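Labels run A, B, C and D following the written order; every chain starts at residue 1.
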Amino acid sequence: MSAATLGTAWALDWIARATKVVSENRIELIELDRAIGDGDHGENMDRGFTAVAAKLAGAEPASPGEVLKTVATTLMSTVGGAAGPLYGTAFLRAAKGADGDLDAAGVATMLEAALEGIRARGKADTGEKTMVDAWTPAAVAAREAAEAGAGAVQAIRAAADAAVEGSEATIPMIATKGRASYLGERSAGHRDPGAQSSALLLVAAAEAAEAAGAGA
Amino acid sequence: MSAATLGTAWALDWIARATKVVSENRIELIELDRAIGDGDHGENMDRGFTAVAAKLAGAEPASPGEVLKTVATTLMSTVGGAAGPLYGTAFLRAAKGADGDLDAAGVATMLEAALEGIRARGKADTGEKTMVDAWTPAAVAAREAAEAGAGAVQAIRAAADAAVEGSEATIPMIATKGRASYLGERSAGHRDPGAQSSALLLVAAAEAAEAAGAGA
Amino acid sequence: MKKLINDPQRVVPESLRGFGLAHPEHVVVHEDPLFVSRAGGAVKGKVGLVSGGGSGHEPLHAGYVGAGMLDAAVPGAMFTSPTPEPILEATKAADGGAGVLHIVKNYTGDVLNFETAAELAEAEDITVKAVVVNDDVAVEDSLYTAGRRGVAGTVLVEKIAGAAAERGDDLDAVVAVAEKVIKNVRSMGVALTACTVPHAGKPSFDLADDEIEIGIGIHGEPGRHKIAMAGADEITERLLEPVLEDLKIGSGEKVLLFVNGMGGTPLSELYLVYNHAHDVLAGKGLEVTRSLVGNYITSLEMQGASITVLRLDEELTQLWDAPVNTPALRRGV
Amino acid sequence: MKKLINDPQRVVPESLRGFGLAHPEHVVVHEDPLFVSRAGGAVKGKVGLVSGGGSGHEPLHAGYVGAGMLDAAVPGAMFTSPTPEPILEATKAADGGAGVLHIVKNYTGDVLNFETAAELAEAEDITVKAVVVNDDVAVEDSLYTAGRRGVAGTVLVEKIAGAAAERGDDLDAVVAVAEKVIKNVRSMGVALTACTVPHAGKPSFDLADDEIEIGIGIHGEPGRHKIAMAGADEITERLLEPVLEDLKIGSGEKVLLFVNGMGGTPLSELYLVYNHAHDVLAGKGLEVTRSLVGNYITSLEMQGASITVLRLDEELTQLWDAPVNTPALRRGV
């Protein structure tokens, strides 16, 4: 199982699970954004992934990269707000290196590329209470797992767990980027909605990998 | 006591008591008007009588009529709304016949003149849920008392009691004049604010008469 | 009650003072008695137009003082008709020698106070005529009642009669134009929330979270009936149907469609109502040739809207299109 | 939540459809992708002006499309920046061959989506420049943060840059004018109540009956701090002081004073705020030579206001006075 790679079926399952989990957490993400932002993050993500699901419904992608590229362009053209371009760029960069099945190193490279995309567009660093605080530990964890000889499933699971922790860690932070930064110190004590949606997406990726691994 | 007439001192005391009772019932009159009108009757009356009190403070009127004329012009120029012109005309007409001290017949004539003034301006009849429903029984009761040989104090007391009943009787009525008429059947079940303020004013007149009578 | 005010008793004068400071090119605000007249004074030889009524309906009426509309406006206390004295002074300020038209909304208080002021003005040799606006179809009309209220149609009367005066019509002709508008305009309103008069400190009526008031006026008075909250399209139809029925308007006629906000409703919702109202009218073969959408006659911060339809002919259309230069309505200048 | 809407998901397109029906002489509303352009299309040889952002701030931006102001506007979902595609289409529709200016409010989402659209437009050989409005002094500015928000100052940038484009300035000159406005304009806002985004169905923040939020933006986001409810004069001073301090403005200078309503506050209260703000400025020796009072950039039905001060020179004053003909702002035409 640790040798299994993640292919197109996994990517499709990931996005199907992501669509579901985003829809299930629409209200929670709205509530998180209501506290320190403008209350639309859940609505934005749900609108985007609903469109993604519709787009992928008829498609027959040949690689994980093709799946992720469709996700990227669809999010970019339907989400809007800050999350639209950021996730759009993340998935676009992630897609680039994913033209074949992914081993653990491939997973790490994909996540690093996504993170770099987010950082390039958003100009945020860790500790600024944004989705960067979920993607950074995720990418680091995946790379460490790969270097420690883990398989792709374990790498993506490590990334997901790290993202969940990263999302949690945004709670005490004072935002300096994104809409929450307008609140200054009042932003502390609330979880960043983008970090949380990032964690949800990466957990969906890990679960899809595990489901495939289990079935393999 | 039944032979006592009502003079300038009575008129001044009446208006002083009226000012007080209107101020004390400001909120109640607002609440009555809030239910079936626009919620300003208490405010309007209080503004008017506060101005009346200021106007009378320095004055040395020579007759009840002079007092009532000051009341009339001051209400007309400070109250506004429907109540301003109606009470203004009422007091103006009341003032006309009151250039000397009033006996019971004089009280009845004064109230009839006031009522005629209200009816002429407002074109309302009894049963339309307006102040006419307080002034009409009041004028009738005063005339009956006078014809039955009562004194001025008894005549004004009879008028006051009738006005209180008249105000009470507006509760089940469906308004066809004034702002409450817009509510149609929904106006039933609420007391008319103008009938209530009329009752308050006439009770103040009776109490001033009784206080004078008691002191005389 | 949360309001951007200081002393509840001083809302009207403080607000009007600010209004005067913000629009010195349009108006002069007189403080005692309180009224608003055109900057530059009465226009010689032109019929003067005066309107007024309780405050709380801003921008009505003071916002419509200026070339092509009113010559003077008389704001009373909150929701309370002004007394005769400021109406008289406004009438004098508006008189350019060709007589003055009083545009009165049909409320007992407004009618009585304007009547008295007109008598006083006549005594000073100013010819005054009055028209009474009563466009609210929510109120059943009858010889034996106070009749219908004047609501949003008032704005259209002021604009169109103002244009007639500006083009040089004499007093009788301006009256005739105003009466023509009154005959051809009908309105009906809905409230989603009540409003709070500063001196009362409490909402003007109580409304549950799932109820709305149909047939409200502009004074925070309760409407004809409560109904369960409904979608905008359905509410639009409930307002529009009695308006059209009462107007007895038929296929092929041209109309102005006016969706007015009560003060606390977002503009986007007014346009959403306009959207469906337009479709309903088009569906009945009516042609909407002019429009007005916005907060033009309000009830403080009340959430809600009213729909007004004015039957247009060539003359009314031209007068509607004529230039107007006031703080709240401006075009062509 | 009580709103005059049908389906929460359809508020923006239904409202814009009504907007288009109400103002056919000013605008064309395009449905897919959703954007608004001037009736009559791009003006040949004129720099095109495009702005946009989340919906819920009406009349901004679509209400300012027309001669003398914007050439196109891009309304996103409620409080959500539009995606690049409609911005690109709006940019094409606004391009008269002299390049296009993007007027962007400083929000991460607006900046990113406009950036992408600009790249796409450049790829289609349209020259695009962008200015970023960031007038909100409630937010501390810093190199290391997202910086200040763009709020009510945006309306002034759009008007004045629009006038510069209309007089024939080239793209660099229009950018320079816009930058000059941005450099000289500051704002700060207060909320008495929150607003409710239709899809959220709940107020955007919680506020007790005796509290207000100082330093709010235009997206229903909480402000910098809550304070106890206070009188209008005191609130006015709390908003005005940081604005003046940040502008470093001194005695003898001329300013435009803009009191903006957040959507649910009566006009009378805005004038009451204007009244005191004017006095405070006069007290500091500043001369208020131009004014704007009303609901020009809103947060749905939020009760509250913002105060904006723009330092004026001869050029900005002339451009402010220049004719403008849009659904929401009109003068001289």
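What we mean here is this: a residue touches a chain if its C-beta (ideal position, glycine included) is under 8 Å from a C-beta of that chain, and two chains touch if they have at least 3 such contacts.
These numbers were taken from a predicted model, which means no experiment stands behind them.
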Counting only C-beta pairs in contact, which chains form the busiest pair?
C-D
For subunit A and subunit D, let me know how many angstrom lie between their CA-based centres, rounded off.
33
Can you work out the whole-Å distance between the CA centroids of subunit B and subunit D?
55
Whole-Å distance, subunit A centre to subunit B centre, using C-alpha means?
76
Which label fits the chain touch graph of this model best, line, ring, star, complete or other?
line
Every chain pair meeting the touch definition is listed as A-D, B-C, C-D
In their shared complex, at which residues does subunit D touch subunit C?
2-7, 11-12, 14-19, 21-23, 55-56, 58-59, 63, 192-193, 209, 212, 229, 231-233, 235, 257, 263-276, 278, 288, 291, 293, 295, 298, 300-301, 303-305, 330-333
Could you list, by residue number, the parts of subunit C that touch subunit B in their complex?
54, 76-85, 107-109, 112-113, 115-116, 138-140, 142, 144-146, 149, 197, 199-200, 202, 204-205, 217, 219-222, 224-225
Can you tell me which positions in subunit B touch subunit C when the two form their complex?
30, 34, 36-40, 43-44, 47, 76-86, 121-122, 176-179, 181-184, 186
